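Structure incoming, see below.
Note that the chains take the letters A, B, C and D in the order they are written out, and that residue 1 is the start of every chain.
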Amino acid sequence: MEQFFVFLLVIMMLLGGLAAMLLKDLLAATAATSVVSLSLTAIFVLMRAPDVAMTEAVVGAGLSALILALGLRRLGIWQLDMPVKSRQKKAGDQ
Amino acid sequence: MQQFFSMLFLIGLLFLLSILTGLLPFATPPMLIGQAIQQQAVDATGAANLVTSVVLGYRGIDTLGELSILFAASAAGGLVLGKTVRAKKAASENTGFILQAGTDLLFPLLLVAGLYIVLHGHLTPGGGFQGGVLLATAFFLPVLVRPGTSVSHKLLIVIEGLAGASFIAIGLLALYQGGEFLQPFLDKGLTGQLLSAGTLPLLYLAVGLKVGAELAGLLANLSTEQDGENDHVA
Amino acid sequence: MLPEVPAMLLAGAVGLVVIGLGGLVLSRNLYRLLLALAIAEAGANLLLILAGFDSYAVAPIVTDFSTSALPAMVDPVPQAMVLTAIVIGVGVQALALAMIIRIKQAYGTLDMAELKSKMEADLDKSLVMPGAALIKAERESDNG
Amino acid sequence: MDNLLVLTVALPLLMAFLLPIVYRFSHFIAGLLGPIVLLFLIWLTFCAAYNLPAETTSFSIVIGGFLPPQGIVFYVDRMALLFAFAVPLVTLLMWPWKSNLDSEARPRQLSLLMVLVAASSGLALSGDLFNLYVFYELVAVASYGLVINSQMSASYVAAYRYLLLSAAGSVLALLGIAIIYFQTGTLNLAHLSLMAEKLDAPLGLSAFVMLLMGFGVKAELFPVNSWVPEVYLASSRRVAGLLAGLVSKLAVLIVLKTLLTMFNHTLAYDLLLILGVIGLVIGELSALKATDLPRMLSWSSIGQLGLVFIAFSVPGKTGMMAGIAIMLHHMLVKPALFLMAERWGQQLVDLKGAAKSSPLMAALFVVFALSLMGVPPLPGFWAKFLMLTGLAEVGSSLSMMALLVVLLMMVIEANYLFRVASLLYDRQARQQSSHGFINALTVSSMAAVLLAATVFIKPVSEALDVIATQASDQQAMIKITLGSKTGDQK
């Protein structure tokens, strides 16, 4: 059972990492980074490290994503009502 | 050409790391200091959470360094972003009643949760850093929802400075009493009680306040647009 | 059949590090470089946690206060180290983001190669300027 | 009261935290706080070194009262004391007395400097692998902040590139620490040196390479030093002097600590030698090509650090002594040269005839340059001479090749430094701005130290001998940090 969960989580984590590197849309890439953090949180729980899991959830998935999103907003790459197409164009301009 | 070499480097790295990790004694760690700490920690610090006794006791100076790194990062971030200009009152960015009321409701909840996590750091998972982040978000959410308002930077600087100074002061007090720097003193109490583990909860409180104030300042700094910032296309 | 748990976890840690470092080497967008850094750091943290893992142990928190005999626990030291490393990582990330915002304001682009050539040009200009400006200013003050 | 030495870390941090508050009340007091703390630290470390009885080799400070190897320990030998003394001293010399920053940025800059001092002292004293990593990161973050201090937009790009390289190095260093912890289950350096046989090739060697790439970033080691010229150019000259003079040496010190305690293989030493030689060649050749003073100084700094690594790759006392001598010499000379570059015109042609407007500075420049080249009576000569004899003693084909390369590079170094000197005394004078009083005083006092070292070369070399003997004495370190429990710890 544990084996199966770990397998799923590791696959999710690696796919998240790859997506963060390959996705054109920077906002989606940021979300993919959060996916890595979240699966890492679950892995930490399975590895009997509740303190680290909590830190990873609060800092890695929460705070870091918040900081990155604020940064994206100030960079002008992400506006709330901006369609994906124009976001990609903007990111591609860089 | 450069791409080719980079790929070559990466494949080499993957190969190297895979072989190396294959050699590691996984799941049967030597745990030389780990075992010793497990045997002594409860008696030495009185904290039920061994990670806390390592973070604040055995490796207390690491935590001081970590606090200073956050401090340095936020100071340097302030230097980069320059003068904080009061955010423009943007009427167009009205976020709506429901969001505002929801945030008002969330604020006390986040505050209590943050303080709980900070104060129970020596008993349960969590502690100053995790709780501090929650505190920071509690103070930052209103800024996000009401674009006109801003956090009081003066107050944040004072909290931040005094909390950091009190962490060091507790350490120096131990030194003054004839112990070593950052040696836990005060009564250790009964392990498992809220009021136990000597100075550790105090240290975590200082950490929590400092982290909270620092991150709130940093987030506010990142979120406020400055005059003449041309990249914002509304 | 699925591989063993340790092998999968080690592969995950190594994979994250390689993906992250690969992104650092291959990517040109400043923001993407930052994401790559975060991923590589996550991989290193996972490897560090694995250093203290023991499949027959419990989390390092004392729950039974009645006996002094402790059950087998996982090593708390790497956990403390990873806690430190995570917080350091986020601090550096925030600082880097602040720099990116400034760079975008100043140069209007996020492309590393383009920025590098612009920076070199700026640096060369700054080297000529102060000396020449000083000389010019002094000459003017001499004349006037 | 040995454990008062903890104050070298605690006190600057305390000041750094309090400075922004004090600055709100009085700009003047806040400006004075830093220098006062630095003076106190200089006095404290001097007393500690002076009162250390001759027969005592070293002592350790147990942080938090948790005995090693579980707790963190500060291992204080004479080398650590020397660097703990040098950190506040050099920072005080490079202190930014004047500043054009506004009232919001200035306290932040001063705080960052205090953080830099605390972290550097920690690097000099700490005897715990992960603690070294934390202090190293602290130095790194503080230096990012200081680099972006100047109001140039190019400095943001330079600082960002520096940050990325440095952070990637930190990831590698963390991986190295993870591998070491996997193998040994401990972090205390003395405890690790007991278990050195567990860290054989290939695991130990790759862990060493990872640590080297991680900590080598600040030490300007060859493959990870591409940040050096752009950052030194983009930041203010004082910060550049601080980074080149002080921070790089402390990073070398970490590499040295790990090398001595854990990785005593010949392979590790050879690797250091090769990287050092490549760094030296690239640094000196690029310095020869440079057309402006700051770039020349940055490249020459890379070259000098290459020399340091070559010296430390010579096993035994000779190499240790030569390495320490070159480090100290460079720590004195490079900040002074950067201080001079602060006010002179930047392009080399702008320097024409600068001797007319500032004769003292030009003369001092020649003295420093001569010492950097290694012209006989000056201390630079003795440092290089020691290193060359050490290389010759090793006698392997690799070290002979290194010897030849070093000699060749000394000629090139002499070439470009003489070019600057002859420009300074050129007849056709261009107009120059003169140096400020504090600036001139600082540089002159540094020159005075250099000349004093020339005159008292015998006691200095004897002291260096003692320091080097002690620094390479691993048995004493194990005995003093782990105490009598050494037997059952194993």
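Criterion: contacts are C-beta pairs under 8 Å (C-beta built on N, C-alpha and C of every residue); 3 or more make two chains touch, one makes a residue touch a chain.
This is a predicted model, so every value here is computed, not measured.
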Middle chain, criterion being Cα centroid separation: C
Between chain D and chain C, distance of the C-alpha-averaged centres to the nearest whole Å: 23
Separation of chain A from chain C, taking each centre as the mean of its C-alpha atoms, in whole Å: 15
Chain centre separation in whole Å, for chain B relative to chain A (CA means): 20
Residues of chain C touching at least two other chains: 11, 17, 20-22, 30, 45, 47, 50-53, 59-61, 73, 75, 77, 79, 81, 83-84, 87-88, 91-92, 94-95, 97, 99-102, 104
For chain B, residues contacting two or more additional chains: 17, 24, 26, 29, 31, 33-34, 37, 49, 51, 58-59, 62, 65-66, 69, 72-73, 76, 80, 125, 129, 218, 222, 229, 231
Multi-chain contact sites of chain A, meaning residues that touch two or more partners: 50-52, 55, 59, 63, 67, 70-71, 74-76
Topology of the chain contact graph, where touching chains are joined (line, ring, star, complete, other): other
Pairwise chain contacts, counting only pairs that touch as defined: A-B, A-C, B-C, B-D, C-D
List of chain D residues in touch with chain B within their complex: 3-4, 6, 9-10, 13-14, 16-21, 24, 61-66, 69-72, 102, 104-105, 108-109, 111-112, 115, 118-119, 122, 130-131, 134-135, 137-138, 141-142, 144-145, 148-149, 156, 175, 179, 182-188, 191, 202-203, 206, 489
Complex interface listing, chain D residues touching chain C: 130, 134, 137, 141, 144-145, 148, 152-154, 156-161, 163-164, 167-168, 171, 174-175, 177-178, 181-182, 185, 187, 230, 233-234, 292, 294-295, 344-347, 350, 430-433
For the chain B and chain D complex, residues of the former touching the latter: 16-17, 19-20, 23-26, 29-34, 36-37, 40, 44, 57-62, 64-66, 68-69, 71-73, 75-76, 78-80, 82-84, 154, 157-158, 160-162, 164-165, 168-169, 171-172, 174-175, 179-184
Footprint of chain A on chain C - complex, ascending: 2-5, 8-9, 11-12, 15-16, 19-20, 22-23, 27, 29-32, 34-36, 38-39, 42, 45-46, 49-50, 53, 57-61, 73-74, 79, 82-83, 86-87, 89-90, 93-94, 97, 100-101, 104, 109-111
Chain B residues touching chain A - in the complex, by the definition given at the top: 49, 51-52, 125-127, 129-130, 133-134, 136-137, 215, 218-219, 222-223, 225, 229, 231-234
